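Input: structures, listed below.
Both of the next two complexes hold chain A, though its partner changes from chain B to chain C.
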Partner chain A sequence: MAAPQAKLDALAARIAGLSFPVAGWLGAARADALDRLAAMGLPGKRDEYWRYTDPAALTGAVPLAAALFDESDEAVAFSGIDRVKLVFVNGVFDTAQSDDPALAGVEIEHLADAGAADIHWAREVYGVLETRGQTPVQRPLATLATAFATGGLLIRATGKAAKPVSLIYLQGSDTSDVILHHCIKVESGAELTLLENGNAAARLTMVMEVEVAAGGRFHHIRAQGRAHQRHAATHVFARLGAKALFKSFTVTANGALTRNDAVIELVGDDAVAHVAGAAVGDGAFHHDDTVFVTHQGLRCESRQVFKKVLKNGATGVFQGKILVKKGAQKTDGYQISQALLLDDDSQFLAKPELEIYADDVKCSHGSTSGAIDDTALFYLRSRGVPEKAAQSLLVLAFLAEAMAEIDDADIAEDIRARLESWLARHEH
Partner chain B sequence: MLEIKNLHVKLEEEDKIILKGVNLSIGAGQVHAIMGPNGSGKSTLSYVLAGREGYAVTEGSALLEGTELLEMEPEERAAVGLFLAFQYPVEIPGVGNMTFLRTAVNAQRKARGEDEMSAGDFLKVVRAKAKALQIDAEMMKRPVNVGFSGGEKKRNEILQMAMLEPKMCVLDETDSGLDVDAMKLVADGVNALRGAGRSFLVITHYQRLLDHIAPDVVHIMADGRIVKSGGPELALEVENNGYAGILAEVE
Partner chain C sequence: MAGFDDVADVLEVTGSLDAPLDVRDGVDRETIETVTAMAGKYKYGWDTEIEMDFAPKGLSEDIVRLISAKNDEPEWMLEWRLAAYRRWLKMTEPRWAMVNYPDIDYQDIYYYAKPKSMAEKPKSLADVDPKLLATYAKLGIPLKEQALLAGVEAADQPRQVAVDAVFDSVSVGTTFKAELAKAGVIFCSISEAVREHPELVKKYIGSVVPPSDNFFATLNCAVFSDGSFVYIPEGVRCPMELSTYFRINAENTGQFERTLIIAEKGSYVSYLEGCTAPKRDTNQLHAAVVEIVIQEDAEVKYSTVQNWYPGDENGLGGIYNFVTKRADCRGDRARVMWTQVETGSAITWKYPSCILRGEGSQGEFYSIAIANNAQQADTGTKMIHLGKNTRSRIVSKGISAGRAQNTYRGLVSMHPKATNSRNYTQCDSLLIGDQCGAHTVPYIEVKNNSSRVEHEATTSKVDEDQLFYCRSRGMDEEEAVALVVNGFCKDVLQALPMEFAMEAQALVAISLEGSVG
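Moving on to the complex of A and B:
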């Protein structure tokens, strides 16, 4: 079915100034993506999974300007963590600001360099997981990133990484429009922790494809940019082999618009995938988590834990699905999405879905939104805890279930401190 | 210590009047007990003293060592030395009991201009006090009151009281739901805190607790007023004959 003309027109305007190198396997993958994109067009607000989030700012021909943000009011994310820093400025890798990638003890290459090779592991990943993730729900912005990414890393772990790989995205100008696409492969028995932080751009469109082979372990912790006016559409596509572990946690504070798609396939038996998020927004903040988890293997476990704290008209969206395929017996699927509304102006829109074709499974989902518990607040205050501090304590308590998804205690503490300082700055 | 004068309280949202002129004077180091039928206003009195929202004071005052409590925020009342052991202690998922206690102790110290307690000192003190109340380390790690039995919640209230060392302790039915041994633990906890600088207002339905915590004065509250006050023998009279006789006599 041909896409409506409006979507195709939007696409034409969006990619008018863009091009990509056509050589090699990467050129072919990009060309394939462009073909697929031409059939889909860009998302429109009548699309089933864009009803709660207007994609206009993400699909427009030019980005809305986003003022550069001074982050010096708190320590930069992960600054206390021993890691290998790889820095992008306006989506372009900055060697001078980066550490030696070799220190991570994993293979790290640039998309541009690897794309010319005849044989490359990334051929089986780049655009491949993204393509799989288009069914049954189209995600054209991801395809856009496959076709037109101007930067990206190919990271392959064959053993336990020596240090976390830390991708830092700096925004260099207030109209920057950045498209990134990373591929990650965690080989059998290998383990990698990937950190991401920073604003990246006024508008960021990105994809990260993650293949975790049998017994591989992948941890992803992301602190999204705090610039108030930035817009971002991110996608994580993951495919898990037998006994593989995938854990992804995102903290989002501020940002005019954030759409985080996570598409996870548990293919091998006994795989475990957890995806979690803590989002805090005050005022012009629209935050959308759209998650699609597919169970195919036997005895796999998935958890989706999303918590949002909203005030002054902030909006939170959660669209989460657990699809259990025929034969995926003994699936253990869990999904929770909750919003804490600190006033009457804020709203939370949730669309939790379960679709199950196996008979011996355990799946649960829940979605709630509510205010601070006045009784708990009074109890804390009656013990001498000042109102604001008591409120912060309760907000952090609300976020605790999502925070518990971070395995590393130091990283968890870094994120907690970040949330605490945000709460202190946003006390009314 | 605590001087309540002609206290009138109604519900903020409704026209229901709950306290209709309560007068109560508790001297330093004294223990007073309040008994009274269900719904007579005992918990309301304790909540109003602690500063819970939803009640409007239409008349009267409550002075703690000469300072008006009713004008203060709940946390300020706590900092000047008021403590309420809740009839129904509140569960707070996600906040560890230990974190809660340390936050509370240090917040009060800060409000009074004192130094915060070091983590090491705090741990030592809290362990000793928890042990005396037979609260195990596991309970201290759990979220505040979550999954605690009724009796455990009440003991946890007393632990908080012991840590915060308030001047004026209001205990709202701390004995309800306690087995005989737990009642003894709680009473011992209270008695250990008794002293010249600390007073207690113990709300209870049962003489039993007062066997362990001997009160100086017993008050009977009915329909929003203190209708009778006397010595410990008044509690015995209630235990034996109920309220009917006393209420008829004051009518």
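Moving on to the complex of A and C:
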């Protein structure tokens, strides 16, 4: 079925002036993406999958300007962690500011370099997982990133990485419009931790495809930039082999619009995937977590834990789905989405779904929304805790279940400190 | 397309009783055995030899006019229908539900059929076609105050039930009129209400489910043939439970019922709706609308046992059930409770909703949806909190067996002004066998912070330990499953009025028949 003209027009306007190199396997993958994109057009606010988030700012021909934001009032994310820093400024890799990639003990290449090779492992990943993630729901912005990414890394771990790989996205101008596409492959038995942080751009459109082979372990911890006016659409597509582990945690503080899609397929048996997020928003903040977990293997486990703290008109969105395919017996699927609304202007919109075609499964989801518990607040105050401190304590306690999804204690502490300093700045 | 003059009063007299079953099941083993013996045949799968008076197939303004004329309606009603019909022409059929069915040819459906013997309106039940009464007897309807009251009335003040029976499209008999009239309660067919109480109908019809609401509701507005009308005056507690039994009888006759219930200040009524339909090979369309208006301090309980013909084991035939049901709690402290047991129909598309407008108003939804063989159900509720201090509770139990697909779809919406409101939602799904599906699609929209919304859902299979225990106590597998499933549904069964609860419990067992082993 042809896409409505408005979507095609939006696409034409969005990609006017964009182009990509057509050579090699990468050129072919990009051309394929463009074909698929041309059939879909860009998302509109009447699409069911954009029910609670207006994609206009993400699909417009030009990005809305986002003033450069001074984050010097708190320590740079992950600064205490021993890691290999790889820096992008306005989406362009900055060698001068980056560490030597070789220190990470994994293969790291640039998209532009690897694309010219005839044979490359990334051929089996680039655009492949993204394509799989288009069914049953279209995600044209991801396809856009496959076709038109101006930068990206191809990271392959064949053993346990020496250090976490830390991707840092710096915003260099208030009208920057950045499209990135990374591919990651964690080979059988290998292990990799990937960190991401930074404002990146006035508008960021990003895809990360992650293939975790049998027995591989992948940890992803992301601190999204707190520039108030930035807009971002990110996608993580993951495919897990037998006994693979995938863990992704995102903390988001502010930002005008953030849409984080996570599309995870548990293909092998006994695989484990956890996706978690903690979002804190004050004022003009719209944060959307859209998660789609597909169980195909036997005895797989998935967890989705999403917590949002909202005030002053902030909006939190959660769309989560667990799909258990026929035959995916002994699945254990869990999903929780909760919002703490600190005032009457904020809102929480959720669509937590289950779609299950196998009988011997254990699947549950929960979703709650409400204010801070007055009784708990009263108790803390009666113990001599000042009101603001008591409130912050309760907010941190509320976020704790999501934070618990970070395995590394130092990284967890870094994230916790960031949340605490955000709360201190945004007290009533 | 055949014109109005081509009608030639088609007489469709076919089929006969294929199994003389006893009716009105208890929950006892005998019932289950009886049904088991029927080996998957739909229990109520006969049709009755009653002459049908058909309008020609298809839908046009002429048909709308015919239906209106046959019901002897005033001009304003006809205009209302025609406006809906014209609107409907511009609408498209919704396809967002997780159900698959072949395209419906709306021109291949009869929009009007009524029992021939109704041409002369019966003066009393004695005048009613005896075959019709026999049909009801088979269905176990206590129409003629027969079984129900004859035997029980002597016993200390039994609960009474008034029945407004709808046979295909026309209400054929309304009992207890006198007693209800004494209380000031109006309980009649909607066509009668249009004639006798036009001011009430005019004021309320379409005020809860407007003609523009959705494709199927709009279709209903244009062609509704009959249904029930209930008016409970201020401060009146309806002296008995009101009951309507629907039964689709003629082949290819869509049934478009329209029910309107008005509960004035401080009144109370409990309304029961139950239905069965005969076995047929062609899909039958059912698009009903139920509107309930609840004023200050009034309370309405609406209970449904839906057992339309679900199609055979391969999904052939069966009813398409596209229903719009909505209650509007207009006054403060108004209360509504929907309870439904959905076991029949090939396709169910039904979301009984509550608009909680009045301060402190309360909506409850209790549902059991069972889908077996090739059935598909997409059902749930909408709780729309507009007023302060409003409360809602949703308990949904979905059971899938065979190759069936069962979806809970619900909306809980807390508007900014609905402060200090509360919702609790629980939807549990049970899967029996590895070929079926169970799905949950809740929408949760919270726009103020003093309200609390909680939603939880689980999906699991029938507990092996419980089954094993039942088997070790000498039950066969089917009985054991029925018992465990009944336990799973307990929260909802308890919300049903007594006589419905019994029937529902039996239905749960019957519906799952053939799903194990």
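We adopt the following convention: the second predicted complex is superposed on the first by the 428 of 428 C-alpha atoms of A that agree within 3 Å, B and C clash if a C-alpha of one lies under 4 Å from a C-alpha of the other, contacts with A are read in each partner's own complex, and residues count from 1 in each chain.
The criterion applied here is as follows: a contact is a pair of C-beta atoms (placed from the backbone, for glycine too) under 8 Å apart; a residue touches a chain by one contact, two chains touch by 3 or more.
No experiment lies behind these values; they were computed from the predicted model shown.
S.K.: Output check: A:342 vs chain B and chain C. Expected answer is one of first, second, both, neither. What do you get?
M.R.: Second partner only, chain C.
S.K.: Quick one: is A:81 in contact with chain B, with chain C, with both, or with neither? Answer first, second, both or neither.
M.R.: It touches nothing on chain B or chain C.
S.K.: Of the two partner chains, chain B (first) and chain C (second), which one does A:361 touch, if any: first, second, both, or neither?
M.R.: Touch partner of A:361: chain C, not chain B.
S.K.: One more residue to check, A:378. First (chain B), second (chain C), both or neither?
M.R.: Touch status of A:378: first partner only.
S.K.: Looking at A:400 after the superposition, I want to know if it touches chain B, chain C, both of them or none. Which is it: first, second, both, neither?
M.R.: first
S.K.: If you count the residues of chain A that each partner touches, which comes out higher, chain B or chain C?
M.R.: C
S.K.: After lining up the shared chain so the two structures overlap, which partner does A:352 touch, if you call chain B first and chain C second: first, second, both or neither?
M.R.: A:352: touches chain C, not chain B.
S.K.: Give one of first, second, both or neither to describe whether A:386 is in contact with chain B, with chain C, with both, or with none.
M.R.: It touches chain B, and chain C stays clear.
S.K.: Based on the A-chain superposition described above, do chain B and chain C contact any of the same residues on chain A, and if so which?
M.R.: In the superposed arrangement, which is not itself an observed complex, chain A uses no residue for both chain B and chain C.
S.K.: Across the complex, what residues on chain A touch chain C?
M.R.: Result: residues 48, 326-327, 329, 339, 341-344, 346-371 of chain A touch chain C.
S.K.: Mind listing the chain B positions that touch chain A in their complex?
M.R.: Listed in rising order, the residues are 50-53, 73-75, 77-79, 83-84, 86, 89-95, 99-100, 103-105, 107-108, 111, 143, 160, 164.
S.K.: Please give the residue numbers of chain A that touch chain B in the complex, ascending.
M.R.: 373-376, 378-387, 389-390, 393-394, 396-401
S.K.: Which of the residues in chain C end up touching chain A in this complex?
M.R.: For chain C paired with chain A, touching residues are 96, 414, 416, 419, 429, 431-461.
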